[in-house]
Amino acid sequence: MKKVSVIRKEHFNAAHRLFNPEWTDEQNQEIFGKCNNPNYHGHNYDLHVKLSGEIDPKTGYVFDLKVLSDLIKAEILDLFDHKNLNLDVPQFKNLNPTAENIVVVIYDILRQKIDTKFDLKIKLFETERNYVEYPD
Amino acid sequence: MKKVSVIRKEHFNAAHRLFNPEWTDEQNQEIFGKCNNPNYHGHNYDLHVKLSGEIDPKTGYVFDLKVLSDLIKAEILDLFDHKNLNLDVPQFKNLNPTAENIVVVIYDILRQKIDTKFDLKIKLFETERNYVEYPD
Amino acid sequence: MKKVSVIRKEHFNAAHRLFNPEWTDEQNQEIFGKCNNPNYHGHNYDLHVKLSGEIDPKTGYVFDLKVLSDLIKAEILDLFDHKNLNLDVPQFKNLNPTAENIVVVIYDILRQKIDTKFDLKIKLFETERNYVEYPD
Amino acid sequence: MKKVSVIRKEHFNAAHRLFNPEWTDEQNQEIFGKCNNPNYHGHNYDLHVKLSGEIDPKTGYVFDLKVLSDLIKAEILDLFDHKNLNLDVPQFKNLNPTAENIVVVIYDILRQKIDTKFDLKIKLFETERNYVEYPD
Amino acid sequence: MKKVSVIRKEHFNAAHRLFNPEWTDEQNQEIFGKCNNPNYHGHNYDLHVKLSGEIDPKTGYVFDLKVLSDLIKAEILDLFDHKNLNLDVPQFKNLNPTAENIVVVIYDILRQKIDTKFDLKIKLFETERNYVEYPD
Amino acid sequence: MKKVSVIRKEHFNAAHRLFNPEWTDEQNQEIFGKCNNPNYHGHNYDLHVKLSGEIDPKTGYVFDLKVLSDLIKAEILDLFDHKNLNLDVPQFKNLNPTAENIVVVIYDILRQKIDTKFDLKIKLFETERNYVEYPD
């Protein structure tokens, strides 16, 4: 059967700090540089959520993008938007909020809410020049 | 052999309405909401056509993008640009012009015009935040 | 006093047709070309609303952009989004919905809702390559 | 004489929190909403610095944009990039870091470093949809 | 009378080299750095042409953007696109093709072709991060 | 194991000319048109380098994007930026510098510098509307 992908773009603004609590300050500074600022810095994150599946012949939709947008708002934006990822988001209590870890956390949350008949792939832009995809 | 993909971006502006003629007005309103306006609404569609194949050692091209641009203009833009998809485009006489159905129609038209030694993939942006890909 | 400008970007999707009812079909076709399609075509319109004024020392705001966004939604997007400008929007009953006329209509609506202590300027993108500003 | 404007775009990533220390928590929440998160949130700020002046006939430049880029890096990015605006930037010790206040602070710093024969104007994007200009 | 601005965006790709023939190689290298490569380098130039005037009540247009696009193609793109600005464009035979000089040359050409009842302003992007405007 | 992709965007500006030295001028003109200008033309090239691999649990990184940026600068930008691809870059001494050939050259250079445990994919934009990917 023909499979089509549909993609919805959303965004959120958040603060974070990169560091490994098992390392010394010097080690953290060496690896994470400016991103290790203990007072945090922040980003406008652009999030692309992609579902792949068959077109429903009654609607012409693979998945209603309004429904997908509402799902992303309820499951992801309410958790991440205008938040400090290190302090406010439980998933990063013991996990460094790098773009790589954020994209896997978002995937794991959404994967549980979306029927497994749809393939799921996430792209996350931390800046215009740095972005990540999962699964690869 | 090494395969490289080449992509040409084109665009068209069109009106459309989403609805299923077998449903009641209430059902159409419930599923398609604002997109069900019987007077139509419209979009600037951005179209990315991707061909994958081997580089011709004489030209250094996989496929001349000027030729691809002319092909897209002749086969797709002349049919879709500044048109009402529901009323003016025969392919949507009995097919709901969702982004998913539009991308499959475009693929099917171009697939017949492009040598099968090239893989073909289409990406279509209906808005900056909603887009589709086929094949997935 | 120091005056700062604040700008909020919104968007809407609409269908329209350009024509002058006092002209013959041939005249309309000659002047408006593809834009004269009687079945309509459409666009994703990007709207930038700019207010200029002094910074309120208590808030640090010239104008709360959340309030401005809500105002644009209530006064403009509810009127224009997913609509046929010619058929659904009273302001264009006897006015050709060119980008120039749309930007003046939007200005006139918002000007009545925004305190005259703020300067107001509107930018409207009809496509990525065609846009207008009012006042100039 | 002919005056031409030259513009250099730079960017920085920072955390901030909006609040007025003279207000109650309820007042701050009412006015600043999500932006009042005491744990901070953040943005990718895009900064456009515009100088207007006459073309130097020897170089063909109004102002060497490499020199302008270096000046912005030394005077602004070193101060703001990967920082917490409230905690790390002295100018915001007693000033709410709204986009309006940030753009005036940047202007005041750069105005002292650039010959007054050049007009100076700053545009600052806090998000893709919210931005400010100074002077207006 | 109400004046509205209409803007058309076009683009061209060109090679150039920055240098002053009255200077030594060392002086040219010091001022122009990488841009002084005697073998040339190049850019994708984005050009925004803005006309301001009154709306024609018969058409709803300030100026037909299709006509403006054709004019830019005939007067500017045919002269600049896929050219070496230093070698192929007569205006730069004795004029350094900096963005500042290019924007003034484009203005001077178009100003002669456009009725003086319209104000004219040109914006030229040499890169995404370096651009110029004339008049300022 | 979970594999995540990380992507870094860089850019360079270069001149080039497309031609096949084994062909007559007429053949070159027929195939390459404006791109065959013997005086060269140029582009702003946007380069996206994508590495796929497992997340290092100590850093939360697949690959430090600052390190990747430095690697791209040292291996690619120093070779290509502000250069004439035909005259200044040894790889194109006997190879036509089409986007397809450039993307393969960049891949081959970077592939030797990046551990084979990472998958590598390159995307190169020659203009906003023409771009290539390798491997496909």
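First chain written, first letter: the chains are A, B, C, D, E and F, and each begins at residue 1.
Note that in this section contacts are C-beta pairs under 8 Å (C-beta built on N, C-alpha and C of every residue); 3 or more make two chains touch, one makes a residue touch a chain.
Everything quoted here is computed from the prediction, not taken from an experiment.
J.: Note down the smallest number of touching-chain steps it takes to go from chain A to chain F.
T.: Tracing touching chains, the least step count from chain A to chain F comes to 1.
J.: For chain B versus chain C, which are copies of one sequence, does the interface use mostly the same residue numbers on each side, meaning over half shared, or is it different?
T.: Mostly the same residues form this interface, as more than half of the numbers used are common to both chains.
J.: So which chain is farthest from chain B, going by the mean of the CA atoms in each chain?
T.: Chain centre farthest from chain B's centre: D.
J.: Please flag the chain sitting at the greatest distance from chain F, going by CA centroids.
T.: C
J.: Where in B-C, B-F or A-F does the A-D interface recur, with over half of the contact pairs identical by residue number?
T.: Checked against A-D: the matching pair is B-C.
J.: When the centre of a chain is set as the mean of its C-alpha atoms, what distance in Å lies between chain A and chain B?
T.: The answer is 28 Å.
J.: So how far apart, in whole Å, are chain A and chain C when each is placed at the average of its C-alpha atoms?
T.: Distance between chain centres, rounded to whole Å: 34 Å.
J.: Report the inter-centroid distance (CA atoms only) between chain C and chain F in whole Å.
T.: 41
J.: For chain D, give me the residues that contact two or more of the other chains.
T.: 128
J.: Judged by the touch rule stated earlier, which pairs of chains are there in contact?
T.: A-B, A-D, A-F, B-C, B-F, C-D, C-E, D-E, E-F
J.: What does chain E use to touch chain C in their complex?
T.: 2-10, 50, 52-53, 55, 58-62, 64-66, 119
J.: Flag every residue of chain B that touches chain A in the complex, lowest number first.
T.: 18, 20, 31-33, 95-101, 103-104, 128-136
J.: Note which residues of chain C are touching chain B in the complex, please.
T.: 11, 13-16, 34-35, 37, 39-44, 81-84, 87-88, 127-128
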